[in-house]
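Everything on this sheet refers to the single structure shown next.
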Amino acid sequence: MALIGTLAEAVAELVHDGDVVALEGFTHLIPVAAGHEVIRQGRRDLTLVRMTPDIVYDQLIGAGCARKLVFSWGGNPGVGSLHRFRDAVENGWPAPLELEEHSHAGMANRYVAGASGLPFAVLRGYTGTDLPGVTATIKPITCPFTGERLTAVPAVNPDVSVVHAQRADRAGNVQLWGLLGVQKEAVLAAKRSLVTVEEVVDELAPVPGAIVLPSWAVTRVAEVPGGAHPSYAQGYSERDNDYYAAWDAISRDRDRFGEWLAGITEGVTS
Amino acid sequence: MALIGTLAEAVAELVHDGDVVALEGFTHLIPVAAGHEVIRQGRRDLTLVRMTPDIVYDQLIGAGCARKLVFSWGGNPGVGSLHRFRDAVENGWPAPLELEEHSHAGMANRYVAGASGLPFAVLRGYTGTDLPGVTATIKPITCPFTGERLTAVPAVNPDVSVVHAQRADRAGNVQLWGLLGVQKEAVLAAKRSLVTVEEVVDELAPVPGAIVLPSWAVTRVAEVPGGAHPSYAQGYSERDNDYYAAWDAISRDRDRFGEWLAGITEGVTS
Amino acid sequence: MMSVAASRALVGGQRVFVGIGLPSTAANLARRTRAPDLVLIYESGALGSKPDRLPASIGDGVLAETADAVVSVPEVFNYWLQPGRVDVGFLGAAQLDRFGNINTTAIGGDYANPVVRLPGAGGAPEIAASCREVFVVVRQSRRSFVDRVDFVTSFGHGRGPGEREALGLPGRGPTLVVTDLGELRPDPVTRELVLTAVHPGVEVEQVRAATGWDLAVSPDLVVNPAPTHEELAALRALKEASR
Amino acid sequence: MMSVAASRALVGGQRVFVGIGLPSTAANLARRTRAPDLVLIYESGALGSKPDRLPASIGDGVLAETADAVVSVPEVFNYWLQPGRVDVGFLGAAQLDRFGNINTTAIGGDYANPVVRLPGAGGAPEIAASCREVFVVVRQSRRSFVDRVDFVTSFGHGRGPGEREALGLPGRGPTLVVTDLGELRPDPVTRELVLTAVHPGVEVEQVRAATGWDLAVSPDLVVNPAPTHEELAALRALKEASR
């Protein structure tokens, strides 16, 4: 059964130096507040996993939390580059960043395999591209019935997955709706999981399009209203497009980023 | 875009002698009326696919429509045996029935592979059982990353899949809810598909737990209220448990079955 | 008595993968009596169902209506059963052997020409493989309790110790068999099923006579307590609500 | 003009897998003008979205709220893209070569130490493989239009004819490249991109100067008609609703 507590407790208990950590949320419901708490607690040497590393991963990378990034698309959606990510890859600042690079289809299937208790997944993917040449976790596999050659990718099983959802009940059952991304798979693939929610309610009234993660499939729940900002939680908040645009200037400059980081670690800004 | 028309037209157009035909619905939403129409139109040499062949497959088998059965559990749920199925297997009456026998996990994954455009699926399954010895479509496969041995099953891609749903709109978008079974996978795995629905409505009001099959993923829709009887359509009808119990006596006896069959082909009973 | 005894094996908070019939009766009875936090999982895709009556089938509407979550059949097998998220798998059997292997496929003759064709595997092979442990509920007779099943539909302990481990099966396999006469458990060393309990009024010889192999009896054999008033009342209430 | 030209390539009823930015603008413009039955599919899991404004990202809430169905990200790739259910994949590019191969990974240096690190693959490699055909929308310059991309993120026509077939790729690959200057299509025989249209007021020499290889010009070169009042009004309305 999921324990309900504070974000700080949950991150302290679940996220350790050197862990493989996935924060998921496909543009919608990104667990940004939890990412900031990881920065605040000064975690190091993390292998960060995420299909679409965007602002919160730019922040984690710039803050020096990450040793490695496993991903399929790293950018500021609708704006441009992630400059802290680029600075790490292009200049090794603040630390070199090892990359394990996939496509969306490959990453999604890696989570599916992880959630399914399988060591690998099969897809039609990467054919003809240069990705298999730079990523060791892409291999060919042959269909035992037709002889056809396809692609295999290994399961991803994070030490801890973090997602944001609209609601949980007091027993720790989690409900989310709108664009679902790969959140269910990320939670089920992980050894431990944390779900931040907009609110904890007495009862989860059914919502069209909603899925429920049973309490016994989640390790910890923390109530963090607005915990997805600058992304959004359908039914609770709107995407803060201005923040995404403003991040570009902060991210471009190491000093300005340093000021932002000082604010975060002192708990002033978000 | 799905064509909306009568059940008789749809079956005549979509189901041909010799086809691989799947009627799916996991206890809930079984497309029984469509099965009766296949009997009425006298189709022969069908390879019938279904995870849980129950009364409607007993009827199709007894009527001599089937050459082969691909399945994972064949019984009268909560009652006992399917006697027409047993008569075909044990005595070759009215015709011998070839079996391709799987487990639920295997069949479900065969549909998933079919829906995904993959030639096979991987699972942890069948280990230690006698099933791989009697079923050619179960083979070992080795993980290219860990060397672990798992099980592969080939995709199932029916010529036509038939399912029952609660509603469609006038554009042919289909909405179903409650126990979802493997219906989405069965429709997406098939070359052609028929969805019988309780009603065609102007607009599909959202329902918690509902999924929608877009019109362009369905070949034909037919309005058949009560088309799942004696199974049920959540929100429309209750399961007719008495019918399941009564089927036992009809099914046990070739003559009584013959009377039932005459009623069906004359369009008198259902 | 069989469903009462089976219900007693379930403890609060366990996740139980429930087949229809006796397993469902026992699991629902347990949830109504000593294990209200039991999580019932049905292969039809209902996770955490809380039916107020006995479902007539694993696809009964009451399962979806009272569930914490309803998922597709592929998902229940792939995301919930296969990774080992379920504590107890609750299975029936047409034929069971001294090592807890289960046959629900065919009896007599050979596979292509059986004397009796049974329903087949359903979810059982993977339930028996992936749940942490398996409870089997089955009526005991010389015909159903055999030295060796005609067909291994679901793997128990094979022909003895080490076989599950060699096959890489994650779960512990059948750890308890509840019958209308008593309870059997695998010997920790040989993995052979041994009589560990009899229901009130049942003699050991009666059980041995209903067993198709030379049944060993545990030195710690117990006589099960009779169903309590509470158990009988809860069972009656469940059955009446199902009319 | 680029989004107007791209929108004209879409015809009614087609299923279009839409990336964000220019492809989304073009697809939404087409749906508002000559192809109202266009089915827009976003990799965020929205099938059949009918946004009334330009989504700010592929995960914009308006996509889910107006969709026929919302599915998970694994499902959109596995059940909807991979089996070839999508007619047109609409992609952008940072670098594009004479055979329509796309680079969105890294420019200059080598992979481990690039001069410019780009966002990466996203959904593009499988969109380029599985859609029946692919339209690329990209601003044209000597820097972006190169003889050979530094990194093949998404496979176009390789180094010429027969390569897609040899790799077993089901789709036809890039059949149209729309730029701010005109349109390029692969030569049916050599698969090399050839200039087939220029936008009004653009000279062929201007396009050749913005191309990093010796660009061939189709004998059937056309000058695209200027955007109509209807197109411009629809584009303005979309953009205004997005403020």
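To keep things simple, chains are lettered A, B, C and D as they appear, and every chain counts its residues starting from 1.
Note that a residue touches a chain if its C-beta (ideal position, glycine included) is under 8 Å from a C-beta of that chain, and two chains touch if they have at least 3 such contacts.
The structure displayed is predicted, hence computed values, not measured ones.
Common neighbours of chain B and chain D under the contact rule above are A.
More inter-chain C-beta contacts link the pair A-D than the other of A-D and A-C.
Our note on geometry: chain A versus chain D, Cα centroid distance of 27 Å, whole angstroms. Between chain A and chain C, the centres computed from C-alpha atoms are 40 Å apart.
Chain C and chain D have CA centres that are 56 Å apart. Within chain A, residues 117-118, 123-124, 148, 184-185, 209 each touch two or more of the remaining chains.
For chain D, the set of residues that touch two or more other chains comprises 78, 82, 130.
Of all the residues in chain B, the ones that touch chain D in their complex are 1, 115-118, 173, 184-185, 188, 211-217. Considering their complex, residues 20-21, 43-46, 56-61, 63-65, 70-74, 77-78, 81-82, 105, 111, 113-126, 129-130, 151-155, 158, 163-164, 167-169 of chain C touch chain B. By the touch criterion given at the top, residues 13, 15, 39, 47-48, 68-69, 78-79, 82-85, 130 of chain D touch chain B in their complex.
Partner chain C is touched in their complex by these residues of chain B: 26-28, 51-52, 71-75, 77-78, 81-82, 85-86, 89-90, 101-105, 108-109, 111-112, 123-131, 134, 148-149, 178-182, 184-185, 209, 231-232, 234, 238-239, 241.
Within the complex formed with chain A, the chain B residues making contact are 117-124, 137, 139-141, 143-146, 148, 150, 152, 154, 206-210.
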